[in-house]
């Protein structure tokens, strides 16, 4: 194996990027063109459009964070490979949860499922993050970045997802608002991105 | 993080390319095979085919320009990341707008929606361009290229989209012709591409 | 633009590869699971499966040749960009033609359309090849490779597609056999691949 | 062709990764949102979900092994190209087999087809592996790794697939359990991954 390191493509990133890109674009397939030809007919697909916007934001945020996190990776280990696959698994179910949410007319179960999917993805992400942080010294910049600053948003998100799931028992609208707030919280830029 | 710079994949480009590729190919899924087995049956899918050709051209032009623009990027910033995501969002709605257009038999609303999508994408592109040009000196080659030469086509497109939207109130056919003209205008080669 | 050349991803290849990969895999979506749960039910999807195998082979052959051809490219020009886009356009219609072919029960029109698509793709490929060969000296290895050896298969394919289209007027079965023969002809390995 | 080697993207890996990513994500499209809005409605899609989980694991395992295997490749040859295409062909049929399995309510034929697809993919993989191992000396590390250690899992898988196919004649449930066991066997980490 005298092939040089630089020649080998970082397939973990390439593969993850492809999966991210496909998950995002596959959701558009749910956005079926209305059967009528008037603007009023667009109203019927508006809730599906809103759920698309929400999931598009979430997936872009995940991609962005994933991008940042994998730059801190020293070397890919089996643990990281499978933690990454686990994250992609939950993210790959987002189109399904989004489609159900979009057609749900504010029903209870789809909101709960959506919240659960976000929660599972957030846990999967934190496992991947723990694997990568473990490759760095306790007092390194990476550890400080991810353990403290970033972790605040991560932990706040998990708390808010739980809150949104609880709120769904009262009114699904509150859950929607919390989902949107978490997305907006992540959109506030951090100091380093790539 | 002593990993070398050259080892890190330019994930912004990779991810964008994957999204572009999927958006383009997803549109083909709308082109359902006709139910009959005669050439006459193909006529039924011909308007959908035409709208596919139009959107294929637009997306290739965007990819081409995006390719060129991102080569001028000095370093990816959060601003650029999100301006890029914003552009991809509008472009990801093109298959939806195309599908409605293809089934519309020249109806008014789908033409207007299509024009609006193109307009939104054009604005999103100009925001991304502004972020990237801002990384260069006022009198640099990049600034001159994008601010003047390129900007002519960009501004002309926006004006023509507005015209096409207005024309739809008179006759959707005129809008179609304008959409096609804008695409042809962009196909005229510029002096530098990659 | 003092970014180094090696840092810039060869997006033409990346984008084309993504489009190739999506076109190929999108065809599987046509292969719907049978409604029954017996092996006899699989028979109903067998013609669709056969048309999938045929198109899978064609697209892999195109990808393989495209791969080889683009390695001979000196620098991407607008002409090459658009010749490549033109090729991808015709290839992107293969899933549509394949789906119609698979459902056609040997009808005449779908076979003719399929042959026409292959013919159009072959012409588009030869245009792209001409653009790339033009970047090399008349007496270079590349020119010799592509102008003579490779061109034999290219020209033979075009002749055979025309023959297959003609044969469809007699019996679509003959066309199928010719399509398969062309694919097999290309599968015979050439001396250099990557 | 004085372009440097390092500039040329390893398109075999890129293309394979894209195909892997699309095959995996395309399966989610089978996971249609339930028509009702209650948790009870989710039960109807639960078997489809389970078959998705199984195939997701298999495809990730294949991707992981493929990743590892292609790192041992010295130079891409036509033989490797086509052995790889052959593997991708069988893997591309996994979504079809998965969809049939998910809707089968434990019927016999879909389980058998699924087992056959796994068997065919396993054979295709071993052909690709043989091509790559043949590029190394008889007593090299690569040969030892793939011929002995890795080959154990490979051969065990093939034996278990055959067993699962046989077991389907008795009870499809046993086949499901064997399929899951093979996946779990592969998830046990090996010492080197990337």
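The first chain written gets the first letter, and so on, giving A, B, C and D; residue counts start at 1 in each chain.
Everything that follows uses one rule, which is that a contact is a pair of C-beta atoms (placed from the backbone, for glycine too) under 8 Å apart; a residue touches a chain by one contact, two chains touch by 3 or more.
Since the structure is predicted, the reported quantities are computational estimates derived from the model, not experimental observations.
Note: Cα superposition of subunit B onto subunit C, rotation of 90 degrees, nearest 5.
Comparing the residue numbers each copy contributes, subunit A and subunit D share less than half of them at their mutual interface. Rounded to whole angstrom units, the spacing between the C-alpha centres of subunit A and subunit D is 25. One finds 36 Å separating the Cα centroids of subunit B and subunit D.
Listed for subunit C are residues 6, 9, 14, 18, 21-22, 26, 29, each touching two or more other chains. Interface residues of subunit C facing subunit D in the complex, by the touch rule stated above, are 5-6, 9-10, 13-14, 17-18, 20-22, 24-26, 28-29, 31-34, 37-39, 41-42, 53, 56, 60, 63-64, 67, 71-72, 74, 141-142, 187, 189-190, 193-194.
The touching residues of subunit A, counted against subunit D in their complex, run 1, 3-4, 6-9, 11-12, 14-15, 18-19, 21-23, 26, 29, 75-79, 81-82, 85, 89, 92-93, 95-96, 99-100, 103-105, 107-110, 112-113.
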